[in-house]
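Would you mind keeping the following structure in view while I ask a few things?
Order of writing sets the labels: A, B, C and D. Residues in every chain begin at 1.
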Amino acid sequence: MDDIVLETARYGKAEVRVVRIAKDGAEHSIRDLNVSVALSGDQADTHLTGDNAKVLTTDAQKNAVYSLAAEHGISSPEHFALVLVRHFLATCPFISHARIAVEEFAWDRIPGATSRHSFLRLGQETRTALVHGDADGTVSVVSGLKDLVVLNSTDSEFHGFFKDPHTTLPETSDRVLATAVDAAWRHETTTDGWDESYARARAVLLTAFADTYSYSLQQTLYAMGEQLLRQDPGLGEVRLSLPNRHHFAVDLTPFGQKNDNEVFYAADRPYGLIEGTLRRRGASAPGRAWD
Amino acid sequence: MDDIVLETARYGKAEVRVVRIAKDGAEHSIRDLNVSVALSGDQADTHLTGDNAKVLTTDAQKNAVYSLAAEHGISSPEHFALVLVRHFLATCPFISHARIAVEEFAWDRIPGATSRHSFLRLGQETRTALVHGDADGTVSVVSGLKDLVVLNSTDSEFHGFFKDPHTTLPETSDRVLATAVDAAWRHETTTDGWDESYARARAVLLTAFADTYSYSLQQTLYAMGEQLLRQDPGLGEVRLSLPNRHHFAVDLTPFGQKNDNEVFYAADRPYGLIEGTLRRRGASAPGRAWD
Amino acid sequence: MDDIVLETARYGKAEVRVVRIAKDGAEHSIRDLNVSVALSGDQADTHLTGDNAKVLTTDAQKNAVYSLAAEHGISSPEHFALVLVRHFLATCPFISHARIAVEEFAWDRIPGATSRHSFLRLGQETRTALVHGDADGTVSVVSGLKDLVVLNSTDSEFHGFFKDPHTTLPETSDRVLATAVDAAWRHETTTDGWDESYARARAVLLTAFADTYSYSLQQTLYAMGEQLLRQDPGLGEVRLSLPNRHHFAVDLTPFGQKNDNEVFYAADRPYGLIEGTLRRRGASAPGRAWD
Amino acid sequence: MDDIVLETARYGKAEVRVVRIAKDGAEHSIRDLNVSVALSGDQADTHLTGDNAKVLTTDAQKNAVYSLAAEHGISSPEHFALVLVRHFLATCPFISHARIAVEEFAWDRIPGATSRHSFLRLGQETRTALVHGDADGTVSVVSGLKDLVVLNSTDSEFHGFFKDPHTTLPETSDRVLATAVDAAWRHETTTDGWDESYARARAVLLTAFADTYSYSLQQTLYAMGEQLLRQDPGLGEVRLSLPNRHHFAVDLTPFGQKNDNEVFYAADRPYGLIEGTLRRRGASAPGRAWD
């Protein structure tokens, strides 16, 4: 039986939805998170024999998320994830590693409302945080966002590419470039200003996308990553995954019309997918930060 | 065989994704629609014998959407739907009724960008339009929105309800009230200002939700519908469907903590669902407007 | 204020997930439902004033679903929905109408397993039931299914259609025909054999799709509806909604290959959508059965 | 500028939907795949300067999927992925690594149909394959499945777990155990019998789940992985991700009823998530096989 080994294992409560309201008199504010906990350590017994003495139930993990949200509030996804990491490592001697993944959904105040406790859920972009911590106190923090959908209606060309026998795509000097940005960046240090750091990163991703004259989505990806790293020396690495949301100019010639890149069919599948990692020279090793 | 009749039939191309860019020099603007066409009329032959002489292909319907978007531009979902309705009724003698359903996805300019052709997709709310037209020139127009997610963190009570043997819910004088607004309103007349009309309707739905002190979601629904009809005498009817997105205050007493309505579990299913139709007395009959 | 009226209203608990295990010694069986309750009646007070004395909470409705599942078991979606309808009408004097919508997810025993309590969830098709009941004892029952995905790889032609200026589709004498069947049929009477009735209806829908040589999806729709009604005189009406899941033969000529309808691109959007209602002459009026 | 480096990059066409019909006279058969291509190699130019001379367009990659499906047929996801890997490595001198990810959707013949070209899409489980290849000829093959939903209605206990201050879960000696199996296994060698290998693996995962008396989902996970590895010496490693799809026994005591584990609420979120990797001692190093 010992010819098979349990190489890695982790477990936890996934997708704990916690909404935290903070009240300053009649002025309320809101944070809305989806928290996933994953713990690892000495888990051989439960796997091999069903002895659960070293299992902290995922139900208790869920309870801890709510209890710590009450006690500490939620000042940012990253800060709350760090609080949770420290909590789980302190709680159980048999837990040697904790991983907290957070999605945050943004809300704004309802425009035009008199009340200060009324909120409107924003956008389809989701803010993310991924925090790992070890029993020895080491932590890693990755911030990010996903589903930030952007489009340039010009200033994008695509030509000069390699032609193999399956290449039929015409070259173009004017196309729509659209993507749903999925980006994450690894911090070299912790900060007190996670929200401000996030706001700056999001802003630079948007303007880098908008103001890069593009000859390929790869080039745009690189520009976004580079500008992200340049604007904050505390970042060591960025990973970007950019689906090319194809917008095909519709051929209107059968109907006696021309199409000066004004009418497009927005395709679902298939799509190009461009992925890349940029790293600052001398950045620390990531360890498990991205797992 | 004549004991079975084809009572109703309609067919068309669904979910035609069309993105229309308008260009004023370097200043671009964008409209992003999902258009579904459904035509009806004399369709017995194709159903009963497979004779397609009276079938306008759904492929041609799709082509028409693109061709007319090029020719007319897209000034609003409602206007474009009306253009399509008239087109299909004029094209085919055997088509006696056309139904156009539109979803519109909102974009804004990318904040901070220099370029005037860079856009950011907004929100998760979708604007909708449903337009019907008959060969005799009759048209109906319904405007709407869906997935407008809003939340009040206080000023909501729920008590005094009927108690049957299955009632275990405690009464409360303070709860979170959250919903994803799905609303549609029927116009009595057409207008040149569809976008302005929509903006006003959306604004009043938001403020009615925010500033109604609520004793039930039903009461809030009625307030939203009533204020919508009052602000625009051109509207005859409004339909609202409001899922009660339950936010349950977490019981923290096992952990020695209290929860002054600050920490909530946002539940997915099941959910309350409140639906209602409000009509202005004297409004025209809806006919097929909502089909 | 009395110029605006609450024309219709209904409310209830939606998507109550109930799994009911029945045990005959070591032999277990399972029914897995998603139940949505909607009640209507004298609901003016809660809408207009927030007085909830005539509101049966949606929480109590949820509890009733579980309580009645325990008491009566679940012998079929239709039977359980009828039990619920009668229960809600009997519970509350101010409820004059109840609507129960059920989705059922199918499970089978795990093949090869020794245990008689192990199950594998089947298919992506969902069985549905929609039952309405009035205080006067009138009930209507609609059974159905959705997401039954089927495909014929030949014996489908499409030609002889009307040509307008936007028609560019080539005629074809051999194409793939695929759809996701969404069908529902209205019973004229109740039965003790809902499961058997469903099994027969599903079987005839499948064979009618498979064995109809098709000149249009409309023709296939009619054949499916007609054979459904013919096989069971207790059915009065059937509604079918068939998306045409286009499978486009890929043009391989640029690569020096031919494609004898063997390689297809399965498209997502747009898609044709064919909808029709067939009724048996002399069938009862549907009333609210389809609402 | 050289303080920032492009550490990794890959790109390709994702989600190419290809349906391949094979015809033996009137007897047809079908394979239905979703193929994602990702290529890597010397990609610096396009990222840094927008020079695309070393970019094989994702459009050409898509074309190749269809062209090779026509030429070679699709005998299994793994075999087809291997064909594609070799093709892309042979096509472009600047491509040093190819990654092909495949999802396969299962179809069966329509029961009761006369025709031999009519198919019914099965299940919600998806078969997967992930194949990597290097320019030096090295390949790795991972087979798998996801969304295989299974449930045991008894023979599952959960007790003896660690109690921290947040632990409130009662211990139980009888519960429902349900999960959606996501499993993948790495082959040490290639085979001609990919379909047979898959069928055996699927069968052993099902019976291991069903016939393991469970004291924790971790224990069940280990049993599934262990039996998978034992039944096929050609497998070196298996990864399992098992969400604990909680089925909570409903408390019926307020209604004077008892619940002998017969009525359950099937919860969506949050859920436990158990993940583990089992490896055969002496198995080869995975390299990039799982990336």
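Just so it is clear, a residue touches a chain if its C-beta (ideal position, glycine included) is under 8 Å from a C-beta of that chain, and two chains touch if they have at least 3 such contacts.
Being a predicted model, the structure only gives us computed values, none of them experimental.
More contacting C-beta pairs link the chains of A-D than the other of the two pairs A-D and A-B. Chain D has its Cα centroid 23 Å from the Cα centroid of chain A. Between chain A and chain C, the centres computed from C-alpha atoms are 38 Å apart. Note: centroid distance chain A to chain B, computed from Cα atoms, is 30 Å. Among the residues of chain D, those touching two or more other chains are numbered 17, 63, 67, 166, 168, 254-255, 268-269.
Taken together, the touching pairs cover every possible pairing of the chains.
The residues of chain A lying in touch with chain C in their complex are 165-166, 168, 254-255, 268-269. Of all the residues in chain B, the ones that touch chain A in their complex are 17-23, 28, 30, 32, 63, 66-67, 69-71, 107, 110-115, 117-124, 148-155, 176, 203, 206-207, 209-211, 247, 250, 252, 254-255, 257, 259-268. Put simply, chain A touches chain D in their complex at residues 2-17, 36, 38, 43, 46-64, 67, 91-92, 94, 158-164, 166-169, 214-216, 218-219, 221-222, 225-226, 229-230, 237, 243-244, 269-282.
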